[in-house]
Each structure stands twice: as structure tokens, then as C-alpha cells.
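Input: structures, listed below.
Both complexes shown next keep chain A, but they swap its partner, so chain B is in the first and chain C is in the second.
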Partner chain A sequence: MAEGGDVEWELSKENIQPLRRGRAISALHQALSQQQDGVSSAINQQRQAFESEVRMYEGDDPLDVWDRYIKWTEQTFPQGGKESNLGTLLERVVTRFTDEKKYHNDPRYVDLWIKFAENCPEPLDIYRYMQAQGIGVTQASLYIAWSEEYENQGNCRKADLVYQEGFKKCAEPHDKLQQFHKALQARVSRQVMMNVEEDDSDNEPKQPERVSLADLKHRGKKKAIAPVNRTGHAIRSISGGLLSHGPSVLGNASNSRLVIFDENKTESAGPSEPKLESWVAPPTSKAKENEQRPERWCDVKLPQKSKYGRTVMAPPPPKPTFQPFVEETDQPPTMTPCKINPAVNTVLSSRKPCREETPLKRLQEHHQQQKEAESGKLQEQSMYCKELLLSGATEFCFEEVRAERYFKKMAQESKEVRGQKDEASASTSN
Partner chain B sequence: MTGSNEYKLNQGPEDSISAVKFSPSTTQFLLVSSWDCTVRLFDVVTNTMRMKYQHSAPVLDCAFYDPTHSWSGGLDAQLKTHDLNTDQDTIVGTHDAPIRCVEYCPEVNVMVTGSWDRSVRLWDPRTPCNAGTFTQPEKVYTLSVAGDRLIVGTAGRRVLVWDLRNMGYVQQRRESSLKYQTRCIRAFPNKQGYVLSSIEGRVAVEYLDPSQEVQKKKYAFKCHRLKEEGIENVYPVNAISFHSVHNTFATGGSDGFVNIWDPFNKKRLCQFHRYPTSIASLAFNNDGTMLAIASSYMHEKGDISHPEDAIFIRQVTDAETKPKST
Partner chain C sequence: MTSTLKGITLKGSAELVAEFFSFGINSILYQRGIYPPETFSRVTHYDMSLQLSTDPKLKNYLTNVVSQLKEWLFECTVQKLVLVITCLETNEVLERWQFDIECDKSAKENSTPREKSIKTIQDEIRSVIRQITATVTFLPLLETPCAFDLLVYTDKDLAVPEKWEESGPQIIDQSEEVRLRSFTTSIHKVNSMVAYKRTDSV
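Our next item is the complex of A and B:
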């Protein structure tokens, strides 16, 4: 059994998205073994259970259900993707509780926000939004995630500033924040050190090294024979050659016709912005295929006008004298289980693709709408409980919501009946 | 409140009404399924309940197979057929989740059920037994039969068109042209298209033929909205029923109104008086002289107190249902 699971895991490693907190291996095995045949009904049932719990919850900590639902989703859909609905879920949960002040510095809620931000194209905007709304401002995890994002983008100064902000707000837990801050400082200083080392090494006198595409001094009088030893003094001059070394390249750009790309040099430059290439002539478009090259036109015959004023075309090729053989059975099958012609298909989905909108924008719009609703500016009002139908990742209809209530009531009644029976049996045994 | 052309059925269900369906061949028999776990058969001419049978849980839909057999399913996920002559029950089969819709397709002679387990199942009514399970992308909310084609409306605003003679593949996958949840789909009696209603006061008229010229004819319109103090209240459109002769249709909304529409001239033919509560289901009888109107609160706004559930039978005239020739 365990072996089978191991194989499964080996086979689909590339389909598993990394998770900050790691994954339960048992959940992973289960998820992977179920994946062969799409989303199983067991998963659908579990999801449905979560969906109804999200709607029916009556306790004082509704976030708990969402937290469990999202954790379950992460574990059950290791490959992520649209099917998991994770993006929708995160968006729903963060929007849902934006007005609940009691959750604003709840570590679970802040974690959900961070997950949401990581799912977004622009995490920094989300972190800024969180700060502006006062969500997670006393939580160390916000500053850590925020700073890491800056660091990933190569902005170490901002990354440090974020930590400073965190210290100013007395974010908790303090130790964790400090620890991560120190780690950042260590990384930055190590990087600086390494850069310094590299710079130093550049200035050191080098071992004689062969240089590519350098002009060599010739030996011999009549014929230019390249020397056997092609390093050091044998090179005529560095500046005059095709390749110039280091910073001198740019200085001599006007002299040299080409700047040769040296892969060894780019390492020290690091992932910096692409520099302007000093091309003398535009690059030839060798990459293009099937392009007609310019050629002489004098041999080309143009269609001539005849004396009747009509263009004379080349006579069409004579019809073949033989009958091409066509196999009798060679007919397209009458019924093909095929998709509909995409050209036709577009007709059927008439709704225009909705305009590009980022999750952040939707959040802000939601906020705006709520304010409008409070001030009574709303023009339209839906005459049903929108919350109940649409609060989860998938929608419910009235009947489903009511069915959930019915099942809950039934379960309660049967429990009561059982309890009464137990009591009755207990009393008779006594 | 009821005039001479309309009366309330006696001995109606004790809880919300989920569906009303007229007999395919006689004008007088009406099946009613309800949340009180029963299916009832009414003789609307004499205004009496002829029969009643039970499910173990609320019933969400019912349908006639022939004048003497009814089929029904609901929250217990069991599909039942009931012989209305002998008053005998048979459990035909089950779904993995509650059954939401039950329909009969006379062209292919097959019963069709749709369920929240994301499947449509076909049933041979003669044996009776399961004749295939077909997975849908989402929970089935509504379905309708147009000749030998099956139109399925699911959660996520999807619409799938199946060919009942060849269920090997989906003939058309569509997206609802309305922005909000699909509430009801009913096919035109002329089999050329269907009408789809949404949860937010809108109805779309769509055509099955995918060619560009035909698709150009489709349209949608707003309805079942009431303006109160400058705010427009938008109600779900829960029920659609077609007039078998004129191809006009009635819609019922949670505002308690019933409208009759002429889809060809894009006109409203008439609106009846306001019923006590939401219109949960509508059915024209086979010759289009009567309309059964189920006025029953559907818990759209949660479990709150509401007017009594009732079924009204209304005599309709050609003036109310026939397209005005221009």
C-alpha cells in the first residue's frame, strides 16, 4: 500500500504545488490516488458539506469554517488549478470579513489574506491595502510576507523598511519578526560581501587567459601565421580587437563594429536591466522563415496585355488523361463524436468577456457598494438572501439551502428521539 | 380575491409546493409535489383530491409518464413511480444526491431526472429501470425536453443541450446569457428553442439552431421587478410554462405576479392580479384552457412567516394567450 502511494507521489511530483506549511503525506496520497478519475463524488460530497456549513453556521466564529474549508482545499487539490476554486474561496473569505473588526488581527484571517495576496498578480498592492484597512497591522506574519515580496523583487531597502514599520507597530510575535529581520539582514550583508569579493577579483592580476576573437600578432613575414601561444603578449591589443574587455567596451563602441556577447561577464553583472545594445546596423532577420529575399527582376515575366486588351494567362495544365483512383469506402463517417465547430461556438456564448479586473479592484468595489447600500443610494435591490446563495465557492439554489435546513432538523430530531429511547431503556433497566 | 374565472384547490399540500404538472392527455388531472413529502393528484374540474402518496422526504418534482402513472423524486434521492389506478408505489432507482427535476420525453419514451449529484439519469418507464447516467459539469437545477433534445440548466450558469437518441456526447455547451443563477428552463412546444429565467428578474429567449442568423434572433428582457420608493426590487423568476398551442408562455416570480408573454412580437399579453406570495410553479393544461398557479413561499428570504401555500386554477382565454397578429 505504502509502496503504491510512493510510486504515485514519484509520478506526479511536478503536479504538486508547494505549500508554506507543507502537506500531510496521507492527504497527498489520497488526493493523488483519487485524481486518476477526475474529481470523485467523495470530494464533491465533502465540498458540498463545507459549502453548506459555511452557510448554515450559527456559532460565533464563522471564520473557523472557512479556515478549515480552505485548508481542506489546499490538501485535496495539490495541483491547484481552477477546479480547486482556491482563488475564489480566498477572495470570498477576505471580502466577507473585511468589516468584522474582531478578525482584523486574528492570525488565521491575516494568514488567509497573505495566501490571497500570494495568489494575486500584485501582492504588494494587497499588502498596502491591508495596511490601509488596518488588517493584520499588529501581526508579524504580514510584515514578514510583505518584506519577502520586496526581497523577491530585489528591493532590499524597502524590505528592511517593512520590518521597521512592523517594529513600530509592535507586531506580535516580536521574536519571530526579529528573527526574520535578522535573517534578512544576514542575507543582504552576505550578498553585499559577495559583490565586494567579486569586484575585488576583477582587479586582481589575472592568469594569462585566452581571449575569444582577439586579434593576434602574426609571426613570419609574408604570411600571417597565428602564434602557437595565444595568450598575453601574443594578442595584439585588447582595445583594438573585436572584443574589448570590461568597461572599455562602451568606450570603444564607436570603433568596434560589433559588441560580442560574453556569457562569462554577465554573471557579475547580475540580473540587472537589459542594457542597450550598440548595434551599428539593425540585426538581420535570420529568425524569420519563408521570407522572400530580394532578387533580380529582369528575368521575371509579367503578364502581358494582348492586343485585345485582355491579360493572357498561362494556359491551365491539361487534365490528366487517367482517372485518379478513389477508394470506395473512403467517406467521412456519418456521425463523429466531435466538438462543435468553434466558429459556431462563439455564437452561443454571447456574453462579452468581462473587463480585466484585479482582485484588489473587486475588493474596493465591494467596499464601495457596501457604503452605498448603507447610505441608501442603491438603485436595485435583490429580493432574496444573496448571501446564502453565493457565499461559498459554488452557488446554492433556494431549494438546496432549504434542504440543508431540513436535513439538519431531521438529524436533530432523530438524535432527540434516540436520546429519549436511551432514557427510556435506561429507566426500564433500572 | 378570486373571480369567477379562478378558484383555489381544496385539500392542498400542507407545506410549500415544489411543482404542478397537468396530465398530458386529459384536461382535468393535476399532479402536485410538495415539501410536506407528498405527491397529490387533483381533479381540477370537480375540485377534489383524488389521491395522495408519500415520499420519505420533501418532493422536489413530479411528472406524468402516462395518464395513469406518475413519477417523482426529491430530497430522499429516490425516484418513485406510482400507479394511479392501483395506488401502488415502486422505487425505480436512486441518485447520489437529492433529485431536483423529473421530466418525460414522449419522443424517445424515456424518463429523465436531474440531480444535485451532478448527473442526469435516463429511465426506461416500461421495465422500469435505469437506462444510463450522464455526468454534468455542475449541480442540475432545471431541465426541459424539446422533442428528442434535452436542455439542462446547471449551477454556474451553464446550459447543456443533449441529444436523447445519442447521449454519447454533449451536443451543445452554452453559457446562460443572463448574468445570475439559472432558475428555470422550459422548451418551446415547437422545439426550436427555450426560455430561461434567472434569479434576478430577467428572462432570455434562446434558439437551439447554432447558425448565425437564428442566433441573432435571441433576446432577453427584464420582468418581475417592482419599483418602491425609488428603489427597484428585483425578484427571482421561478416558473415558466408554455401554452402548447400558441407557443406563448407564462412566467411567475417571487413578486407574486404571473405574466403571459408573446415571444414572437416581444410583447406582454397580460398580467394577472398579484397572488399572496411567490409563484413557485406554473402549468398550462394540454389544450391551454387552464393555468395552474402555485403560490407558495420558497424561502427566498429565509425561514420567516409567510402567507398560506395555495394552488389556483385559472381559466384562460385566447385573448390572454394568443399572439396578436399585426
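Our next item is the complex of A and C:
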């Protein structure tokens, strides 16, 4: 390979998603050189070929086409993104074969599920769903991916439990599972060791976290420049909010969220500053477990905690006991002048999300529908080959399907004709 | 003497190349996660920040290899240096970083310094190391614990030093090869290349 050609991948290294299995360098070069002029016709043709193969496949291993299609997509679109359609493809393939028991523990199918899960906002839910459906329960790769997800979220105990589950199910290959389990244990023990070393000297929190909205201490004389280190001592005391001008009291409570009630202090600060409130520190990033569901806030009253610890409801605004004076001549305009006739102009408002759509929900829905279809409860029945039109990542029209069939027939016929000719020529030569 | 500042001698070239290998090997070990990242410390060299191992055993081993290498570079008897990454459990070769060294043997007789400034050489070295760092974009993830080994190809008639032994080439079958940039001190030219196991797709 010429040296000039190598520069391409280095120039766009930030736009290449690393793959677990690595990339074929030739595919990468091709993809990057075609990148400038959008999705090229060659790529489109290949994609079209895969799309029609997915529909027209008649062998006994339809997963194979999908597997190749997805691998091709990964290699051809190094930066991922929308035009790669990878998310849709993964979702399609995963839903397509959920009912095919023979694939449930096929390593290819399980790998596709794991890729799908990694593409989702909540991979753990997907893994649980897989387990419930019995997909990949005897495959070591499921437990490895699942455990890694737990580990990434910092839950090493659960990560270990997942491996135990895998051992219980006798997941294959056993030695691979064991190897990854050992690696996890090694990582955890190293982490613990390091934490112990740190904790020996002082009782700092185990993992100094960057607290959002935290003020930063100045370092040295340069006041304007924030220190790069935003953890530990670099964060100024944030427990005080308004109280921060009294650092002598709260000075050493740098990371505590509790403000201890101090009788002497309130007396001094009492009536002159009635608005003095203790601000609870902002939640740390780990607080995701207690995430609040969105709900109506219009009639919710926020109990306000005062400095004194009692709960005080905000007093309702008092009704004025007097009639405000209105000048007789001052008649307010009945309506603001409107240039555009409101009846003609359609009013737009942004569409409200009716419900949350996650890939997992769609999956479950699909599953539900299929169950209903089996029991004959399904209300709709499509009288055309809906499956064929919609089964790929993009939609086909009837003509495309028909053309595909036609070409296939033609190919077969020409083959037959050629065969006959061959036969004929063979017989004449005899 | 101003002339020594401008030109480069065989000794200086050997030192520069050996230094490159020391930093290069350290960066590969760091980038590929052969040793835990906390055992590395950051240093600034070639106007870029590089990771150097602090593991005493590893440091010792690398110093030994590099000083031996420097000798061979000075004698112009070394042809290749290969860093092999193998799976710890199965001993399968997963990655092979190969640095081909072309020595200009005429420099041994003719000791006049060559015209090339250290700065340009270091610029070239920097771009090689940058490229080594950038290879993570296409290299497969090393999922298992790995070990590494260094192989040096020398001229045939060379006597094997006490601490070295002969070894096989440790070539990956079905590999994908990517040529990286090269640099030259005008006495030693180093071509780099990485080979890794081919993906089963496409």
C-alpha cells in the first residue's frame, strides 16, 4: 500500500467508531474515500442487493443474510450515524427471529442482540428481556456483555452475580466465561486495594466526584482561570449557598449535605435576614436510581423548609380589602388588534410526546401482537405481502418485489436455455 | 562546534532510533492496555505527552533491550524489531508491530556527519508515534489478558548475546496489515507496520 493512501484514516480518526472485532483496512479506505461525495452509488447498489436478498432468501438459514448485511453496514459506515441505518437494522433482525427457537442460542443471533442492546439507552433492560425470553441463556457472551454493563455503571456486585448466573446455566464456552470472570475479579480487587490505600490517610469519599454547579477555588493569583481538577479539594464548599459567607462554621463540611442546626447562629442571623435558607447540595450524578417520573406539577405544593426545621406553607396571597380605582374613561381595549384573521391562520403548537417509545417497548409490543395473532384476536389482516415490503431496513414497493421475482425467473430460464443448448451442442457433436 | 549541531553522526543516529523505540514500545504497551494504565506516568517528549511505564521490572527489561539495540544499531547489524502481542492463555499471536530498520552501512566507514537536523527527525518520529496512537480506530479490542515479546532480527553472522535466544517469527495467519509512516535519520530508516487478526466479516 502506498504511503499516501494511509493518511486518510489518520485524518478522520475521530470519525471512526472502534469496533470490538476491529476493522478491515481495505473497507475502511474505501468507505473514507467515498465519504466526500455522500453515499455513493456503489454503496447504494450493495445495500439494495442486501435488501432484496433479505426478502428473497429461500434457504434454511435466513439469519446468515442479516448477519452479513449488518457486518457490511458496520464496516461501510465507519462513523455510524443515521444513514447507516444500523439501529433500525438491528431492531428488525432482533424482532424478526424472536420466535425462531432454533436461533435462540445461536452465537450470531446473540451477538446481534448484544449489539442491539449496546445501541439502546438502557442495555440492562434488554439483557433482562433476553433472559426472560430464553435468548442466549446458554451463551457466555450474553453474561459477559451483561456483566460489563453492570461494571460500567459501577455495580461490581451485580456484575459478579451475572457471572454466577452464567455458571449456573452452564453457558458455553465455559473457559471464556471463566476467563472474563477472573479478569473482573482482578479488576475489582485492584480497585479495592487502591481505595484502601487512599482511605488510610483521610476519610475522603471513595470516589471524588465532580459536583455539578460547584464553585471552584482559585488557585494562586490567577483568579480568572478555573483549575482543571474539579474534584476533591478543588471544589469549594457548596453546602452553604447563601451561607457561604460564614465559612468558619461550615468550613470543613466540604462534601456533607447536612446542615446542622445551630441555635446560636440562628439568633444572630434571625430577623435581619428572613430569607436565609439552607440549600441542599445538588444531587450527585449517581442519583439516577431515584429519578423522578415526569408528572403534573400544577397542583403540587412544594413544602418549604425554613431554617428552623419547621415546614411552612407559603401563605396565600391576601385578597385586597379595597376596590382598586378604575377611571371611567379608561376603558381597556376589549381585544388586542389582530392583523391576521385567527380563523384563517392555523395555530401550531409543538407536538407533545404521547408516550415514551423505547426499542424495548416496541419489542414487547411486537411480541404481544404476535401472541394475539396466534390466538386469533388480531383485528387487522393485511391482504398483501406486507412482510415482503417491510421486512428490510427500507421499504420496498410492489414493483421492486415484482422486478426481483422477474429477474430471478429470467436468470433461471436463461440458465435452462443454456443448459439445453449445451446438451444440444453435445448431442450434435456426437 | 556548529557543524555537529547541524549534522548527524552514526552514534547520534543510533541513539535517536533507540530512543524512538523506547518511547514507541511504551506507547504501544499503554495504548493496547498490556499493562494497567496506572503503572504509567506522563512525560513530555518530542513536544507531545507520552506515557512511560513505572513498573520496575518492565523498565529494567526495556532498558536492557534498548541498550543492546543501540549497540546493534551502531554496528548496523539490526534489520527488524518486532513487538508481538500474544494472548496470555492460549499463546495465540494477536498483534504484531513490525519496525523494519534499513541501515546505511557506508556510515560506518565514512564518519562525516549527514545533513539533517534533529528537529526534522523528531518531527518525523512524532508523526509515527501519533499514528501508533491513532491505530485504535481500526484495531480489534484485546479482550483477554495479553503478554508481549520483543523480537530483533539481526544479520545472520552475529553472535547471540548471553541474554538473548533464538526465536520463531511468530507470524499471525490470516492477518490484516497496515503500513504506518516511516522516518529516517538519513543513516537509519525505520518503516513501521502493524498486523492484526483479520475480522471474519466482509
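Convention: the second predicted complex is superposed on the first by the 260 of 430 C-alpha atoms of A that agree within 3 Å, B and C clash if a C-alpha of one lies under 4 Å from a C-alpha of the other, contacts with A are read in each partner's own complex, and residues count from 1 in each chain.
In the analysis below, a contact is a pair of C-beta atoms (placed from the backbone, for glycine too) under 8 Å apart; a residue touches a chain by one contact, two chains touch by 3 or more.
Quantities reported herein were computed from a predicted structural model and do not represent experimental measurements.
Once chain A of one complex is fitted onto chain A of the other, the partner contacts of A:360 are absent, as it touches neither chain B nor chain C.
By the touch criterion defined above, A:21 lies against chain C but remains apart from chain B after alignment on the C-alpha atoms of chain A.
Contacts of A:171 after superposition on the shared chain: neither chain B nor chain C is touched.
Of the two partner chains placed by the overlay, only chain C lies in contact with A:71; chain B stays clear of it. By the touch criterion stated above, A:142 is placed in contact with neither chain B nor chain C.
For chain A, the partner touching the most residues, choosing from chain B and chain C, is B.
In the superposed model, A:190 makes contact with chain C only, not with chain B. Residue contacts after overlaying the shared chain place A:397 against chain B, while chain C stays out of touching range. For chain A in complex with chain B, the touching residues are 41, 44-45, 48, 335, 337-338, 340, 344-345, 347-351, 378-385, 388-389, 394-403, 405-407.
Across the interface of their complex, chain C is touched by residues 1, 3, 6, 9-10, 13, 16, 18-25, 27-28, 68, 71-72, 74-75, 175, 179-180, 183, 190, 194 of chain A.
Interface of chain B with chain A (complex): residues 18, 35, 57-58, 60, 75, 96-98, 100, 116-118, 138-139, 141, 155-156, 166, 168-169, 171-175, 177, 179, 181, 183, 199-200, 210-212, 215, 218, 231-236, 254-255, 298-303.
Across the complex, chain C meets chain A through its residues 36, 38, 89, 130-131, 134, 136-141, 143-145, 176-182, 196-202.
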